[in-house]
Structure formats: structure tokens, C-alpha cells
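In what comes next, chain A is part of two complexes: it sits with chain B in the first one and with chain C in the second one.
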Partner chain A sequence: MSDIYISQSAEIAARTLGEETVIMSTADSTVFMLNPVGTAIWTAADGTTPLSQIVEERVCAEFEVSPEEALDDAKAFVEKLAGHGILLISDSPVSGGGSL
Partner chain B sequence: MSLLEQLNEKATALGVPLGAHLDITWRCNERCVHCYLDHDGKGEMATEEIKDVLRQLADCGTFFLSISGGEPLLRRDCFEILEYARALRFSVKLKTNAVMIGEAEAARIRQLGITEVQISVYSHLAEVHDAITKLPGSQRRTVEAIRRLRAHGVKVSITNVLMKQNYGNARAVKQLAEELGAEFVIDPTITPMLNGDRSVMNLGISGAQLEEVLHAEEFVGDVSEYCAPVSTVDDDVLDGYSCSAGHTLAYISPFGDVFPCVQFPMPCGNLRRQSFREIWWRSPALTELRAVRLRDLHTCSHCSHTAYCSRCPGLAYMEGDFRGPSSPDCQKSFARTGIPSAAQLRSGSSAPRTVTGLVQIQGLQ
Partner chain C sequence: MAVSAQHPGTKADHGVVIEIGGLPIEVQTNDAGFERLLRNRYGNYVSPRTARYSLSVDLTEVGGIDADADTEVWLEGDEWRMQRGDFRARWSPAAGQGQVSQSANPYAIDSVLRIVHTLMLADEGGFLLHASSLVRNGKAFLFAGVSGAGKTTMARLAPADVALLTDEASYVRNLDGHYYAFGTPFAGELAQPGRNISAPVAALYLLHKAPENRIEKVDAATAVASLLRNILFFAHQPQLVRRVFEAGCAFVDAIPVSQLSFFPDQRVWDLIG
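This part shows the complex of A and B:
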């Protein structure tokens, strides 16, 4: 399966507190709290780094989890956030989220 | 516990200023009879100073940002500031009278992803509203702006401040808010001016009127629950603090002064002389404020209303002692329950005639 690339939407407010991140959708004010693993993926979502590389470098290197399990969980995670318009998913590198 | 409650708990534990209220100007195109500000614009922070403040707030973890005034749109760089704040990923609320929001401004506010626009509407009757703002045509322009914002999908919250001048209009304003698709907040509050002038408080509604408002289902929801006395005062309550001011909330004036809250004008530092981080972590005033728990309050710690009182330490500060009672909140507790507060029993003033404090009630939609 080809890799995917993730970038942060501009339609959000976000702040990282400690190892967790709060995100609010500006479209509907829905609030999300990301745990440290989610935060690691979120902060690396630059649109140019493949998700598999993010998982390898930011998740597997920092947390005790197998690469296969971590990647499956990460895909489910990014798809969930993408469903709320929080993350943008692409099958090729992008320059980042939209501008205001 | 909701996500926002968890967030606030985490911010408290980490000492993060989760919310900030930034007045970018005190100048205003209205002259509301009850306003707590003067309208001097001399010495306001320049655009780059404000951007620097925003960067500092983001760096310290601030997430919720209220941009207010005065009338913020009087600054020609208002949208530049809003855009910069959104680029820093703040959740931004804009407090405005909206009379300068035309079609282009409404579209830009939507484009920027402003979380909410908060607007005061004093009456459904233009002559009543305009007599309070002293700006002819202001009610029509404000309501038209709300329609524009709603047409663009912007969330709008209407606040109805109750005064002698507009008492009895709240239900109609609530209906207007529903027609416009806006949230509605009723606020029976008149606040002393930040310079200490308390004369504006004479505009407040009477104790009997407050009691009527606090027992109206359309404003408070379940009246029996809202007005029920709660006498449980345990260690968890006494180890708590009155509100988020100075704990997870900061106020910044257009001149860079930092207070715990806009209602709490205790000088903590100035951003032209110190960094925000330095003020937030090292200000003796904030350090003293954060050390105070409910059990340390000389009167309120013994009050039967302590567990649910909305005591405002800022209003107490303006009465002379932030460890003391806030008489408007004593009045609110009395109006809700008919039970005098400890401070009222001590002073023999359980039936106050005028409401003077910070009381906000979220209306039901």
C-alpha cells in the first residue's frame, strides 16, 4: 500500500500543553484532546513526511509498540481527525494546510 | 468531566494561562451609559507590540483569546491582528458592538475562523438601545450586522445587560436572538469603572427585579434546581478557589498592563517593561492571589452559600479586599435562595436595593 501524507488544517485552533494537544474545529467548535502519541503524530504532520516515517520516528522510537500495530492505529487516528476536517490526508506530499 | 473541564484542570495544574482577554483599544464609537472604561486611546500598543504579545501568549500555552475593547474594529489593524492571532492557532472570540461590520467584514470574520462574535443588544426597541449607547441608529446597525454574520455562518452570542433603562426587554431580546440564530446571555451586571468610579452602579436593577430574573425558567432553566440552597461545605470546596482569574486567565489592556481579569484591576506588571512569562510566573500580586483558597476568605469561608457562590474576587478587590465578599454575589445568592449570606448577616443588609456585580447566566436555546 502506498504511503500517505498528513497536514494540519487551517480551520482549527490548537495548542500543546505538556504532552497533550487541544484542538478545536472552527467550523463547529468541536474539541479534541490528543494524548502524547496523538500529539507526536500531530506535531509531525507537515504534509511532506510520510505517515509511516512519522510512526517509525515519532511513535515507535518513543513508545513501546510494534511498527505494524502503531501504523494501523495511526491510520485509524488520522482518518478520524480527517473526518472532522482537522487533518488533511494526501497520497502525495503537500506544502501544508490552507492559509487564512 | 467534559473535555473543557479536563483542559482547565490540566492548565491549572501546569500553571498555564489558558485564556487571555486582550483589549486592543479603549476607544469606542458608542458611549454606553454603564461602560466601565474611559475611552482614552493615547499610548495604545502598536501593531507590532500586539503581535509580540500574541506570540508570547501562544508560547505560554494560551488557547482561548478574546479580542475586545472599546470597539476593536476602530483600530485599522484589527483584521491584521485577528489574522495574526488565528495564524498562531488561538481560538479567537471577538467582542464588538458590530456597527462597523458590513458585508466584507462579515465575510472576513468567517474566513478567519473566528470562534464566536459576542455582541451586546440592550433592547429589541431601537430607541431604548440607542439611548443606552448614545449612538443614533446603533441598534439597527448592530442587528443588521448580526444578520450578515449569521448569513456567513458565524456563531454570534448576544448579551443583554439589564439596567433600569431596559428592564423588561430581556424576553423580547431573547426572542430576537432566536430569530437571528444567535446564542443569548442575560447579564444583570453593572461593573464599577476601572478607575474606581462606582456611580455607574446606580444604573443596576433592583433586588426584587434580580429575584424575578433568577426565578424565570426561560433565563435559568430548572428554577428549583438553580435556586435550591446548597449547604455542603467540605474540604474539597474549601481547598478550591473562586474563579480562574490569575490562575488560568489573564487580562491585557491596550497599554500593556496585565491584570488577573478585566473585572479585577489589580496591577501585575506591564508588557512594555517585562515579558508576559515573567509577569505570569513572578508577579508578587499573582503569587499572592494564587495562594488564596476559599478556606482563607475571612467571611465567605463561613458562609452557607460558599459551595456554589459565584463570588468575584475582582469585585471584592474593587470593594477594598479581594479576600472579602463580593456584595453583588451575596445579593445574587440571596435573590436565588432567600437566604442571607454571611456578609449580609454581619452587616444586616440582606435586602439590597441595587445589583452591582458580575453575574452571567447562560440562557437556554
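This part shows the complex of A and C:
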């Protein structure tokens, strides 16, 4: 399966506090709180790093989880955030990603 | 969108200055009965001061909006527009003036006032919060939560030395970097307006009913997320949302936020103050 690339939407306000991140959608004021794993993926969402590489370097290296399980969970996670418009998913690298 | 207003150039016959949070707004009307209604409803919040802000009310049947429609607020040019089944209104922040077209009921002007206050508060790092707030020993304590969490219960259980600011919508201002809670006439289940006083905010408690009383500090992210989920948002305009987000973060930097697990009897107040 081809890789995917993720970048932060500009339509948000966000702050990382400790190992967690609070994100608010400026479109509908919905609030999300990311746990440490979610925060690791979020902060690496620069639009140019493949999700599989983010999972390998930021998740598997830091948290005790198998690469396959981590990638499946990460895909579900980013799709959920993308569904709320706070994360953008692309099948090719996006220049100027990470627009916080 | 057409919004009817007092005829330009004619001054309303009746004006009632309603001062909430130290921000006086003169509500102008040509209807003596509506003026009496305002004076009755806002009681201790009717102020003798000269108002910097004004809302001109035109009493009329509001057509073209679903009677059950939720409140909508949006920015059009430099003006905020707002509407619900029973009112249409506009508010110019630059002029500090607005017009309201509404039927002769107190709920419409009450909603407009809440919205206008949230817009004014956002400019200075304050907000309206789904929370009861009460004053003890000169300090304000805020109790936030969704419906049923216990906001009104905390107010009902308060001992005699505690003053009620509100059991529904807490009014928080950031004045020179210090947070103050103000009384409001916006009542919840208690159906009782708060005292028209203010006090520095000492703590925010996130309410959780439990078999025993306990206070537990929450981490900063939980505090910010919980606070933001309880801030009254009427307009989803990006700049406004960002300002309120930053206001929530700044508040949590300055004020301790804890979870208050409580059994609903008076002993919970042994932990407060």
C-alpha cells in the first residue's frame, strides 16, 4: 500500500502542554485532546514525512508497540482527525505543510 | 439581510442601562412596557451610569426565521450579525452600538446581551463559562460542567457566608492580568440572579458527582480542554476562536484547575474556600 502524508490544517488553534496537545477547530470550535502518541504524530505532521516513517521514528521508537499495529492505529487516528478537518491527508508530499 | 431598527435620527423614548461585568450597555426602546420589563428583569443590574455601548430595540414580529432555529452569529464586514427564531440583531464593535429587531419577550434581548458580552470579553481575554460561580472570603470559585453536573447544586448547597454570582453562566474578565468573576443576571435552574459584585478568581473546579468529596488537580491539557468545552461559543469565526483559545490557555496558566468529585450534600463546601 502506498504511503500517505499528513499536515496540520491552518483552520485550528493548538497548544502542546506536557506530552499532550489540545486542538480547537476554528470552523466549529470542537475541542480535541491528543494523548502522548497522538501528540507525537501531530507534531511530526509536516506534510513531507511519510506516515510510516513518523510511526517508525516517533511512535515505535518511543512507545512499546509493534510497527504493524502502530501503523494501523495511526491511520485510523489521522483519518479521524482528517474527518474533523484539523489534519490534511495527501498521497504525495505537500510543500509548506505544518502550517501552525 | 434587513434589520429593522429605531428610525435613524430619532432618539428612543426609553433607555435602560444594564451593567454586567462593569460593562454598561444602554438598551433603548420606544415601548414603555418593554422598558418596565427590562427594569424588572435586570433589577440590580440596572445602572445609573452613562453607557459607552448601546442596543436599539425595535419590537416587531420577526419573520423569515424558523421559530425553532438555533442561534446563529456571523461576521459581515465589520459588524456581527446574529439571529434566532425570535430576533435579528447586528453589533458594531467599533461603534459600540447595535440594533435588535425582536418580538416583545425578555429571552431575545437576554440572548443578544449574552452574545454581545462574549464578543466584548473575547477582546480582553475574558469569556462566559458554563459554570456556577460563588464568592467566599472575598474569593470567587467557579464550578464548571455540562447540564446535570451539579452547577446549580453547588449553589443550592452553599452555606450562608457564600454569595452567588451565577448558577449558570460565569462572567470572567481579565483585568491587567488578573482574573475576576462578576455576578450576572443570567440564571439557571435556580431562577435567581447573582449578586452584582465581583471577586478575584481563586479556582476553577470541574464537577463530577461521586460517592465522596475529593479535589484532584488535573493536568494542564485536561484543564485547557475542559475549560474550552465549557466556554460559551456563539460564533465560529476563526479569529474569535483563536482569541478564545488563547484566553483559555492563559487562564489555566494563572488559575488552579481541579476536578471536584462531590456527593451532593453541604459537606462539599468544607473543601471550598
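Operating definition for what follows: the second predicted complex is superposed on the first by the 95 of 100 C-alpha atoms of A that agree within 3 Å, B and C clash if a C-alpha of one lies under 4 Å from a C-alpha of the other, contacts with A are read in each partner's own complex, and residues count from 1 in each chain.
Convention: a contact is a pair of C-beta atoms (placed from the backbone, for glycine too) under 8 Å apart; a residue touches a chain by one contact, two chains touch by 3 or more.
Everything quoted here is computed from the prediction, not taken from an experiment.
Undergrad: Putting chain B and chain C on the same copy of chain A, do they fit or clash?
TA: clash
Undergrad: First (chain B), second (chain C), both or neither: which does A:Ala61 touch?
TA: Neither chain B nor chain C is touched by A:Ala61.
Undergrad: Just checking: does A:Ala76 make contact with chain B only, chain C only, both, or neither of them? Give me first, second, both or neither.
TA: In the superposed model, A:Ala76 contacts neither chain B nor chain C.
Undergrad: State whether A:Met33 touches chain B only (first), chain C only (second), both chains, or neither.
TA: A:Met33 sits against chain B and chain C alike.
Undergrad: Counting only touches as set out at the top, which of chain B and chain C does A:Gly18 meet: first, second, both, neither?
TA: Touch partners of A:Gly18: chain B and chain C.
Undergrad: Mind checking 45-53, 63-71, 81-89 or 279-287? I need the stretch of chain B that runs into chain C in the superposition.
TA: 63-71
Undergrad: Could you give the residue numbers on chain A that contact chain B in one complex and chain C in the other?
TA: Shared contact residues on chain A (touching chain B in one complex, chain C in the other): 11, 13, 15, 17-18, 20, 22, 24, 26-27, 29, 31-33.
Undergrad: Name, in rising order, each residue of chain A that touches chain C in their complex.
TA: Against chain C, the touching part of chain A is residues 11, 13, 15, 17-18, 20-22, 24-29, 31-33.
Undergrad: Can you check the complex and tell me which residues of chain C touch chain A?
TA: Interface residues on chain C, with respect to chain A: 219-222, 224-225, 228-229, 233, 236-238, 241-242, 245-246, 249.
Undergrad: Under the touch definition given earlier, write down the residues of chain A that touch chain B in their complex.
TA: Counting only chain A, the residues touching chain B are 10-18, 20, 22, 24, 26-27, 29, 31-33, 100.
Undergrad: Which residues, counting only chain B, touch chain A once they are in their complex?
TA: Touching chain A: residues 3-4, 6-7, 10-11, 14, 16, 18, 58, 61-63, 83, 86-87, 89-92, 111-116, 155 of chain B.
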